[in-house]
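As written, the chain order gives the labels A, B and C, with residue 1 at the start of each chain.
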Amino acid sequence: MPLIEIRDVSVAYGTPTRPVLDRVSLAIEEGEFVCLLGQTGCGKSTLLRLVLGAERPAAGRILVDGRVHHQPDRTRGYVPQKYSLFPDKTVLDNITFGPEVCEFGLAARLTPRFFRRRREFRRQAFEYLQRIGLEPSDAAKYPDQLSGGMQQRVAIAQALITRPRILLMDEAFSALDPGTRKGMQRLIRQLWKDTGATILFVTHNTHEALRLGTRVVVLAKEMPDSGSRVMLDLPVPEPCRDDDIPRLVRRLESASTSSDPLAPASALSEKW
Amino acid sequence: MLRGLLVLILSITAFAQKPSFTVGWSIYAGWTPYYYMNKAGILRKWADKYGIAIKVQRFDYAPSLDAFVARNIDACAMTNMEALDMPAASGVPTTVVLIGDYSNGNDAVLVRGGLQLKDLAGKKMLLVEKTVSEYLFDRAMTLNGLRDQIKRVRLINTSDSDIATAFLGDTSANAVVTWKPMVSQISKQKGIASLFNSSQIPGEILDLTVVRTDVLNRPDGAGRKFAQALSGAWYEMLAMMSAAGPAGDKVLAAIAEGSQDTLASYKEQLSTTKMFYTPQSAAAFGASPDLKQKMALVRQFCFDHGLLGANTRSLDEVAIRYPDGSVQGKADRVRLVFDLGYMQMAAGGKL
Amino acid sequence: MPAAFLLIHAKPSRAWSVLLSWTLFAAGIGAYFYVSHARHRDNPEDRVMPTIAQMARGMYNAALQPAEEDEATAPPDNFVQRFFGSMLWKDTRASARRFFYSMALLVPAVLLGLHMGLFPYAGSFFLRFILFFDKIVALSLLPILFIAFGIDELAKVMLIVIGVAPTIILDTFNLVRGVPAEQTVKAFTLGAGDFDVAYRVVLKQVMPRILNSIRLNLKSVMLFLFAGEMIASTDGLAFRIALLRRHMGMDVIIPYVLWVALLLFLVDLGMRRLNRMLHPWFRES
């Protein structure tokens, strides 16, 4: 049984309704690193939010571990492009937030046991801090004292410390400059290998998708007024050789722009 | 055509050159006639006769006093107490030109729960502090030999616009001192009794029309003409009011309209207001030794309550001159003058 | 170049900035005393615009002598004790008590706004009514307030709360709605429950903005407090002003008004300091 199963899912927004997703089906096995690729507005973030449980489909079903989830919970970690950290908490508190709320309710946080347990959480948090490449001195900083790349590193640590089986990343690196982005890609790839988590990674950057994923799924519209469908489901050879990349990029880009022949194919090929 | 225009311009400039005066009034049975005098053109007629212009403006009571003290208006309707503690004590010499009436039951001390004056110590009492309401209460206690208990009553300063609802709405308040029409409103409720009212201190709460002395003494004489016009118009008005039968009622109804009131309610208020309908009666009251005695009580109250100002060290610093030439207080510090001249002129038909 | 000092790009020196910022104060004070002096030359007993000496004396008496309605006890010789027995202190304490009660009652208002913003059922239940209630001029409800809450402290505090709470509720509601959806989703994915999200995530990050909103509403709070005290009371700063107005005690009223302004300024400053202390991460944007 696949870990995430998307069955004939359709979504439409607004009045008059504008279809966004049209009978999308997708099965993701445990341990896969799936990159969801598509142009802006093709519905790839919508699909991610459906898997999160933050939104419900108009038709179809989404099963995670065999169950339908009506709201986000700790089985699926989440790293959005922006606003991923709590601005009012220090780096350390951001990372320990997950373990704290998992074990202690609002009132239980006043008990002495909580303070003993928190010491353990903090020790763990420092471990993660090191793994994502931050200095222990960064622990006391507030998010807006960190660079964008640092913030996303902390956001990943924050999501991983609760050990979710699935990690959902929505354009997580898109706001970063190319140098930082490359480092982040290396980091997430390493963490994926270490933790064995299943990752669903939304991006509009073809090179990034190829570089990260074990599988790239392209969402695109067949007609300008219809909802998006899965246009291509491409396993990425492991390891992906550099001379394979131009060919794969061409394939992916022709798939994702099929509805719009006028758009230059290079529109998606942002360099890393 | 050209001549017509010229006449028009001349008449406009003549109008503009006419000395103009403003009289302020607020809603009270004895003052609402100003509304009708203005509306029915009585005031205009007398102003024209004396070659001046008179404007009438309605105020709330406290702002009318402020406007008078700030010299923004020339004449104002107020009580004897306020004439003393507002303009006179603020160094704005003031002359009483008309004695309109005295409160003869308009102001009252009301209680609930069958209390007596002697039971009021420690009880809550609503009133507008530092006004005739507090004076009435002070006199009620004094006359009943309870002077030493005055300080023990818990006074709650309450705005007159809200005092009726406040007293009726809050049953923890035991007593209230106020004036009509609020008194009538409150008395309608069951279980409210009147312990004392102003008919028990006749002539102590006077309702006057006062003019600033410096306006009266204007070198061009227009100030005196203003007072004469006011007096003429006032007694013409009162004569109409006191007419018996439907003619009088029609006038009273028109006056009542000036305070959004009904004829019946206005008549009820007049029944507890001793109007001096004729200039003779007003002048006679002004000339009687009674006036001096009553003013002595009022000025003592004002002084005791600091109403004459923090800088007034002695009662005699705000002096009052009476028609017979006698002065209460220091002769060089006369601030309030009772001038019967205008009422006497009206009585003698010399206006 | 000659008129450059009027332009957007002008760069006044520090000395000039300081000088300019105090000019209007100096002009206002100067104009007051000029007019006051002129009025007193004209009428030595003028009470509308007291001189500085009169105001100083008025304030001295207010700050060191008991109120007229209080029993005169033997004056303590200690300066501080005299202040704490004075009219000014008595009035300030009475007004401050009402002020802080109302502030405390704004806490439920904030919580209501928070819940309305986060929980759709609470939002549907309250929002329309509070939007409507917000438009009601609280002062016009006075008779109802008297009947419902009497004429004592409660009515005055409720007047303030009814006047200010809807604004605070709606402000909180909008601030809560303005928190990016990513934040709540993220919290849920980390295992947080509904109340963790409400109190540990959303409330904590909108708190500094709510404090700012309350700070901006201080003046309304004061306005309603003054209206309440002027309508019916036995003590308080506005009670005294209303009473003194009855015989033009401007020599005390003007210092009282300045005293109120100073207190309000200090409360505002205190809240700003507190905000910065409690929320070091917060940047005004």
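One rule holds for everything that comes next: a residue touches a chain if its C-beta (ideal position, glycine included) is under 8 Å from a C-beta of that chain, and two chains touch if they have at least 3 such contacts.
If you're wondering where the values come from, they're calculated on a predicted model, not measured in any experiment.
Asker: Taking each chain's centre as the average of its Cα atoms, which chain lies closest to the overall Cα centroid?
Answerer: Central by C-alpha mean position: chain C.
Asker: From the centre of chain C, which other chain's Cα mean sits the farthest off?
Answerer: A
Asker: Averaged over CA atoms, how far is the centre of chain B from the centre of chain C? Could you give it in whole Å?
Answerer: Their C-alpha centroids are separated by 38 Å.
Asker: Counting in whole Å, what is the centre-to-centre distance of chain A and chain B, each centre being its mean C-alpha position?
Answerer: Each chain reduced to its C-alpha mean, chain A and chain B end up 82 Å apart.
Asker: Any idea how many Å lie between the Cα centroids of chain A and chain C?
Answerer: Those two chain centres are 48 Å apart.
Asker: Residues of chain A touching chain C in their complex?
Answerer: Those residues of chain A that touch chain C are 49, 52, 54, 71-74, 76-78, 80, 82-84, 86-89, 97-98, 101-102, 105-106, 142-144, 158-159, 162, 164.
Asker: Show me the residue ranges of chain C that touch chain B in the complex, using the header's touch definition.
Answerer: The touching residues are 43-48, 54, 57-58, 61, 68-69, 71, 142-143, 146-147, 150-152, 230-234, 239, 242-243, 245-249, 251-252.
Asker: If we count contacts the way the header does, which residues on chain C are in touch with chain A in the complex?
Answerer: 180-183, 185-193, 195-196, 199-201, 204-205, 207, 279-283
Asker: Considering the complex alone, what residue numbers of chain B touch chain C?
Answerer: 62, 66, 69-70, 85-86, 89-92, 126, 129-131, 151, 154-159, 162-163, 165-166, 169-170, 172-173, 305-311
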